[in-house]
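Below are the structure tokens for one structure; questions will follow.
Should a chain be cited, it is by its letter among A, B, C, D, E, F and G, assigned in written order, with residues numbered from 1 in that chain.
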Amino acid sequence: MEAMTSLPLMTLMQLLFDTLLGFALLWLGWRALASPDLFQAIVLFIAFGLLMAIVWVRLDAPDVALAEAAIGAGLTGALLLTTLARLEAKNRSKSALEKKHKVWLMTENVKLKTASFLWLMVILMLLVSGLVYAVLTLQEQTFELQMLVSKNLESSGVSNPVTAVLLNFRGYDTLLEMSVLLLALLGVWSFGGIPKPHESLPGPVLNMLSRLLIPLLIIVAGYFLWVGSDAPGGAFQGGSVLGAAGVLLLLVGWRLCIRFVGLPLRIILVFGLGVFVSAAVVLIFLGRQFMEYPPSVAGALILLIEAAATLSIGITLAALFLVGRPEFRRHK
Amino acid sequence: MSLNALLPLLMVLSSLLVGLIIFFLPEERAGIRIALNLAAAVLKLILVGVMSWGVFFYGLEYEFRMPLLHSQELILHADALSILFVTLSTILWLVTTVYAIGYLEDSPHRSRFFGFFSLCVMATVGVAMAGNMITFLLFYELLTLTTYPLIVHRGTEEARRAGRTYLIYTMTGGVLILTGTVWLHAIAGSLDFSYGGFVSDLVDEHRTALIAIFVLLIAGLGVKAALVPFHGWLPQAMIAPAPVSALLHAVAVVKAGAFGIVRVVDDVYGVEVAANLGVTGPLAVLAGVTIIYGSIRALFQDDLKRRLAFSTISQVSYIVLGIAIAGPLATIGGLVHLVHQGVMKITLFFCAGNLAETLGIHKISEMNGVGRRMPWTMTAFTIGAFGMIGVPPLAGFVSKWYLGLGALEVGQEWVIYVLAGSSLLNAAYFLPILYAAWFKLPTDSWPDERAFGSGETAWTLLLPAVITAFLTLAVGLLASMPFSPLHWARFITTLEYLP
Amino acid sequence: MNTLYLYTIVGVGLFTLGLYALLIHSDLLRKILAINIMGSGVFLILVALAARTQGAVPDPVPHAMVITGIVVAVSATALALALVIRVRTKVGHANLPEQSLE
Amino acid sequence: MLLSEFFTVILLLAGAFFFLAGTVGLLRFPDVYTRLHALTKADNVGLGLMVLGLALQAESWAMTGKLILIWLCVLLSSASVAHLIANAARKKGIEPWKQ
Amino acid sequence: MHTSERKKCFKLIPYDSLISILWTGCLRAMLFALTWFLLTDGVMDSWLIGGPVVLLATIASIVLLPPFSWSFIGIMRIVPVFLWRSLYAGIDVARRALHPRLPISPGLYQYRWRLPPGVPQIFMANMVSLLPGTLSAELADEYLCVHVLDQTGDFISELSIIEDYVARLFALNLIADRS
Amino acid sequence: MEIFYLSIAFFLLLTLLAGLWRVLRGPTAADRMLAAQLFGTTAVACVLLLAQAFERPVLRDVALIFALLAAVTAIAFVRRAWASGEHSDAAK
Amino acid sequence: MLSFLLPQRVKLLGLLIAAGVVAAVAALGWQVAELGAQRYAIGGWGAPLGIDLYADGLSLLMLMVNAVVCLGVSVYSTGYFNRAYFRRSRAIYFWPLWMFLWAALNALFLSSDIFNLYVTLELLGLSAVALVALAGGADALTSAMRYLLINLLGSLFYLLGVALLYHRFGSLDITILSQHIEPSPAVWVAMGLMTSGLLLKTALFPMHFWLPAAHASAPAPVSALLSALVVKASFYIFLRLWLEIFPVDSSVFGELLGVLGAIAIFWGGVQALRQTRLKMLIAYSTVAQLGYLFLAFPMASYFAWKGALFILLSHALAKTAMFMAAGNILHFGGHDRIQDFDHVVQYQPLTSAAFALAGISIMGLPPSGGFIGKWLLLEAAINSGQWWLVIIIIMGGLLAAAYIFKVIGYAFTQSRKSHQTRRVPIRMEWTALILAIAAILLGLIAPWPLAIMDIGLPFSGEAAG
């Protein structure tokens, strides 16, 4: 980028591009939140996710872009659409209720009184101006931490700094974050089993598509897992690709999971976290700190943890997509 | 921890433990309950005996300390004043326990009642033995909490209302004291009671604050002591069972308030400092007003217990008056009245309870000729009433005498008029009762008569009344003997005025 | 200063936009969208600021933070969506009763 | 300018043209089915041309392979998705637009 | 419903020929390995992960998509045709879209299969969508419902030509008669 | 050359935004979905161009993910959101 | 420290883990008490790069009360989730969710990294939401939904603040930040954002609207946890940030917080008094009690912090006991309408006792923990001459007394048992009682927690002696 900036035309072009992208983002966000139709809002949101990924690319954050593309654009969209479908299915089955809440699909702007609306506006304006002011007056970046990261990159076992931060330097965050994911699943399950949507058999084309895509997705997931150690990628990206594969299977109507929905599924779900924690704890017994990976084996260890994590994250995401607990009794 | 330190703690703990145990006794285990209660009361009596012996003859310090806050400790200690109060409560407690056992026979929730009853003793003993303001406050609030269930014990709508009133008054009072105490702590840094007070050094610097604190504390304590603007709860609390009323009036709540005022004036501020601050005068006036007001109100009550209640309002203020006059003799009078009023008033309440329980009499207008039906009870009542009026040589006379002397000593003659007027009023509201009871002809039937074997009523009800009546006589007659309340009061006063 | 600051401001805008929508809409699904957009705004600020020095390699720590944030967000979204469905089943509509935030 | 760069420019411009055409089709065509035509065909050609153009600049064979892989994926998905949507639209009873 | 669904999922697995499974498996594994190679730019270490992943993908692929017969020459023949036709399709649709008068006359047409059901039909259906003026809208065992952009054009012969190519790709003989 | 790539990307972004009009107009849900689909393809191209423009080959992986996952959303739409019956605006 | 999860979701396991965590906390407590504040670098990287765990008196105390309350809740839940009408399928999820919540709390109290705190906050929030929704009713779900949104919103505000702080100072560690901190627009805005986010979660007055419904409709042990600990967690973070990071000379802001706290005390108290259902009453009482915590800010003195903290501790214990008692009553009589309590309360003496004792602490009567806290606050207020605070504290206590005795009064009313009652497992009653007693005893052993607060000198900046 250094070389490019010398070209004023390039800078201008960048500026144009950035402005367009920025306005597009804002506009999409606004429309997604204000459009009268929920479905439309969701589609706009998916588009928003796509643009976000491009923004990450533009901001030179490929790791984030990957995660956003996989999780944000792909899975969240599918999840939202499915939820919408569920909601509407319920809507239809209760015609009396539908009448009562006929307008629920419409934008239901709570009728704000002008005064409170003005207040809200004032507060929001204050927020915006404060934030912008704060951001614009930020001092020059401090590079201490970044230096530290690159200095210690050697001993972290991986060469991608983001992965190093995620899994080694700040591995504890990641550990907790995986707990969040697992927790979300638990929470979803605790809401009780949700009846399977009534769905028709997949057509042959869809069937074929999924059959072709899934092996490919598996490979790509593996690729991200592997590439994470020295290039953008890693367990989350891989996991979400794997999750996408699972979602695809679920969408096509694949119900093999009934067979191992009990203990085996749960073991896989906690597998990633389990490996993570055990690795960390075992290190304590070896006389090191919690999560202090010896530099010599750090790379392998991280890869191991990431592999387990990928698997768990993938399955967890796919399970989350069910938006409900798979029934337990079936396999008895 | 030495044995000496243990004794005060033991005083408190004995009731606490007994109370807790009683909570978990099934309703039917009356025997164990009674035994426990009595045992605790007797144990206390013994402890008090030991301690008073030690304090009087050897000047021993019975003190238990436990850290409570950064610079504050929980202190239980036995000085002369606390021994006075503790002795009173312990003896009367024993008696009341006996009475309550008889009174509450066969009524529901006795475990609960006696449990709280014991806790109430615990709180009172704690109040008596508190060695600093914070400990005092602690037990003072506990007292509020433990008496509340006793007041609402009957569980009727009326009882709940009375309980609510009680709480509103006492809670408010409690927070006033709390504020005062914290403020005091903030200024003085210490809260430990000591003879002659501990704030004398601060008078110059914090005069206004000290006056404000004094007002706060007295107002708070005045609620329990039922000083005039704060007395509203007391007549309502009459709804409680008779033993509870007896306690509230004679020993626990009202007395704790009065006792607290004594503590504040004597051991926090010191009489001289208080007088110097100019706060005792208004207090004395307030007490005087209360005395007269209570007596006048009593005059117009037909309900026997209500009349007694207003009488209490009036009588307790004698104590406050005695302290507020701020002279040695008046102090003696006030202190001794602390005891005397307790003994007399409890007698009266026992008798009222007996009448209600045996014959269903609640109103004075129903009492015609009751003396013939229940001669023992009415004898006791008569003794108590005469004591109240201040007929020599009964207990009340002694206190009033010293109060009068004390007032003259510091040149506050108006007190004499208050005393005289009050005595007249006392006579005016007690004598008609006595006249009706002894000399009027009984009606055909009593409102709700119950048979108690051969005697006029159950012995557990009668005995306590008789004992306390006897005590009323005794403390009056034997006032000059060693270990009499008067003797103790003198002893205390010397200590207070010595430094 | 470089053009990437633009994105910071966009992030601020998104954050505010989401907040506004979150407050005025009663439909739950839309509220969830709003939260997500707010989140995107925050992430954008985080990453855009990380690249604010011209020509330097962006700071990887915020990137890691954002990835963590995205995973947290997706978890929360999934939970929220499941909850919406439950609310709808039980209550009959997917709105929150009017609430006054201001 | 190198020859390869020249070709790249041509190919990219052509690709962009097809994207434009696809979008115009999406906007102008009257119903779902016709719009699907525009989408699948024009965009895939556009992407194909772009991939080709970029592949000329690729530094390794693997990179080229990856680009082609991406294209194939898009091809597969968009063809299948077009079919699925058309199919679903038919099941919904949406009639094709007639002149 | 579940059991029937599951049966449908697995009914395509031919249990008769283990060898064909192995052969196909090897081929696909190679294909996947190639993909892996492309993705990772041929770094040797990557096979540590790549090996298991390729294996897993192969197994998934075999389970999901049973082997079918095909011919290499068929592929070679179809690829250039397909590329050309799809380029033409793009030009065609771009022309129609950008033309000021929007020259289209869409309609549905049911094309009777000569291909047997299964993978070939699906392949064909997908291809049709990328060919000029046609879009597969419904796939049934007997016919393929095609949405055409211009009813006036000769799309039927185009379809049948492509069908021939597909048949050759899968090493099949077409049903001679398509009445 | 970079400027050229960037301009093309800019142009693609413009077409993408133009496509948004379809999302807003509908009329059927399928139309909106279609537009989203178009975005997916356009975004792939866009990211590829950016990868080239900034000489960050790793960004191609982003494009790969787009390419792979674009189908997932559409399938979810077809299988769930739309398959489950009448959408409110399908009747329009 | 992290109790991680096995798929076998059995009560026994839950209890074992509970015991294990308590033991761990005890061990840590010993360590901290002996050796002073502890710092543990996860992964051995040390603060700017890695994440540090930090345990000083403040966090130790939070951990301890956490351990006590959580142990209590665990025991209580073994009874609560046994109930016949509680579907087993729901009950089995309680334990893992609960363990997550607990782990999140522990992690939160130990963390010294502001981003790590964000993650723990989310972990906490999500598990709390799931637990609220466990009750399954329409009310519970709606309030869980609102709670979730509030949580996410609060977290985002917080995260944005973290972003600004990070970009200003290039570090996420609290200690390092506190060394570098200096006022600048970014810091002020970050402070505003984080404060509003955390206060939203802490449900300070104008932002309390979500709390009563969520706390009242959750299952009893969950309500207990939410009121006792979860809101305190965000307060804890806020306190940490306030004490260590934010510029200290923000007295206007402190005043504002104090005023809000004061309004909260009144508003919560009045609302509690108006409630007809017990759990709502208790929930509003929480709003009021949270107000006390903020009274310390305008004073910002050594005693004030300690007082607020002490109130926090005793409130945690007392409120847990209260919600448990409410749960027992609800279970026993099938309803929690206050006006029909006479049929219910007096047949559960233990529960009533628990409620009453907890009430004593809430009212701030001696010798309870609440009293000590109130005492310290009062003293701080008097020392700093802020009399309006004194009045607030006093009035708040009276209000509390009013609403608590509104309930207790019924315990002494004579009435017949209503016919539809169910037996309450005895351990549920005992747990409530023991926790209530603990709240009282806290007042008697006050010097001990007060001494712990001094470890690591979290209040050293203001230490006046």
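By definition in this document, a contact is a pair of C-beta atoms (placed from the backbone, for glycine too) under 8 Å apart; a residue touches a chain by one contact, two chains touch by 3 or more.
It should be emphasised that the depicted structure is a prediction, and the values quoted were computed from it without experimental measurement.
> Treat chain A as missing and name each group of chains that still hangs together through touching.
B, C, G | D, E, F
> Give me the chains shared as neighbours by chain B and chain D.
none
> Using the touch rule from the top, point out the two chains with the most contacting C-beta pairs.
A-C
> Just grab the chain with the largest centre-to-centre distance to chain F, centres being mean Cα coordinates.
Between chain F and every other chain, the largest centroid distance is to B.
> Using mean CA coordinates as chain centres, what's the chain A-chain E distance in Å?
32
> Express in whole angstrom the distance between the two chain centres, defined as the mean CA positions of chain E and chain F.
23
> Whole-Å distance, chain B centre to chain E centre, using C-alpha means?
The answer is 102 Å.
> Can you give the whole-Å distance between the Cα centres of chain A and chain D?
Result: the chain centres lie 27 Å from each other.
> Would you please write down the residue numbers of chain D that are in contact with two or more other chains?
Only 22, 36, 44, 46, 63, 66, 69, 73, 76-78, 80, 83-84, 87, 89 qualify.
> Which positions in chain G touch two or more other chains at once?
Only 115, 119, 122, 126, 129-130, 133, 136, 160, 164, 167 qualify.
> Spell out, as numbers or ranges, the residues of chain A touching 2 or more other chains.
Counting only residues that touch two or more other chains, chain A contributes 1, 14, 58, 60, 75, 84, 86, 131, 135, 138, 141, 143, 145-146, 149, 170, 173, 177, 180, 183-184, 187, 191-192, 203, 205-206, 208-210, 212-213, 216, 220, 223, 227, 253.
> Per the touch rule above, enumerate the chain pairs that touch, sorted by label.
Chain pairs that touch: A-C, A-D, A-E, A-F, A-G, B-G, C-G, D-E, D-F.
> Where on chain E is chain A touching in the complex?
Of all residues in chain E, those touching chain A are 2, 5-6, 8-9, 28, 32, 35-36, 39-40, 46, 48-50, 52-54, 56-58, 60-61, 64-65, 119, 121-123, 125-126, 136, 139.
> Quick one: in the complex, what on chain G touches chain A?
2, 4-7, 40-45, 48-51, 89-90, 93-94, 96-97, 100, 103-104, 107, 115-116, 119-120, 122-123, 126-127, 129-130, 133-134, 136, 160, 164, 167-171, 184-186, 188-190, 192
> Any idea which chain G residues touch chain B in the complex?
That would be residues 303, 349, 353, 360, 363, 365-367, 371-372, 374-376, 378-379, 382-383, 390, 394, 397-398, 401, 405, 409, 412-415, 443-444, 446-447, 450 of chain G.
> How about chain D: which of its residues touch chain A in the complex?
So the residues of chain D touching chain A come out as 73, 76-77, 80, 83-84, 87.
> For the complex, which residues does chain A have touching chain C?
1-2, 5, 11, 14-15, 18-19, 22, 25-26, 29-30, 32-34, 38, 41-42, 45, 48, 52, 55-56, 58-61, 63-64, 67-68, 71-72, 75-76, 79-80, 83-84, 86-87, 90, 94, 97, 100-101, 104, 107-110, 112, 116, 119-120, 123-124, 127-128, 131-132, 135-136, 138, 140-141, 143, 145-146, 149, 161-162, 164-166, 170, 173-174, 177-178, 180-181, 183-185, 187-188, 191-192, 194, 234, 236, 317, 320-321, 323-324
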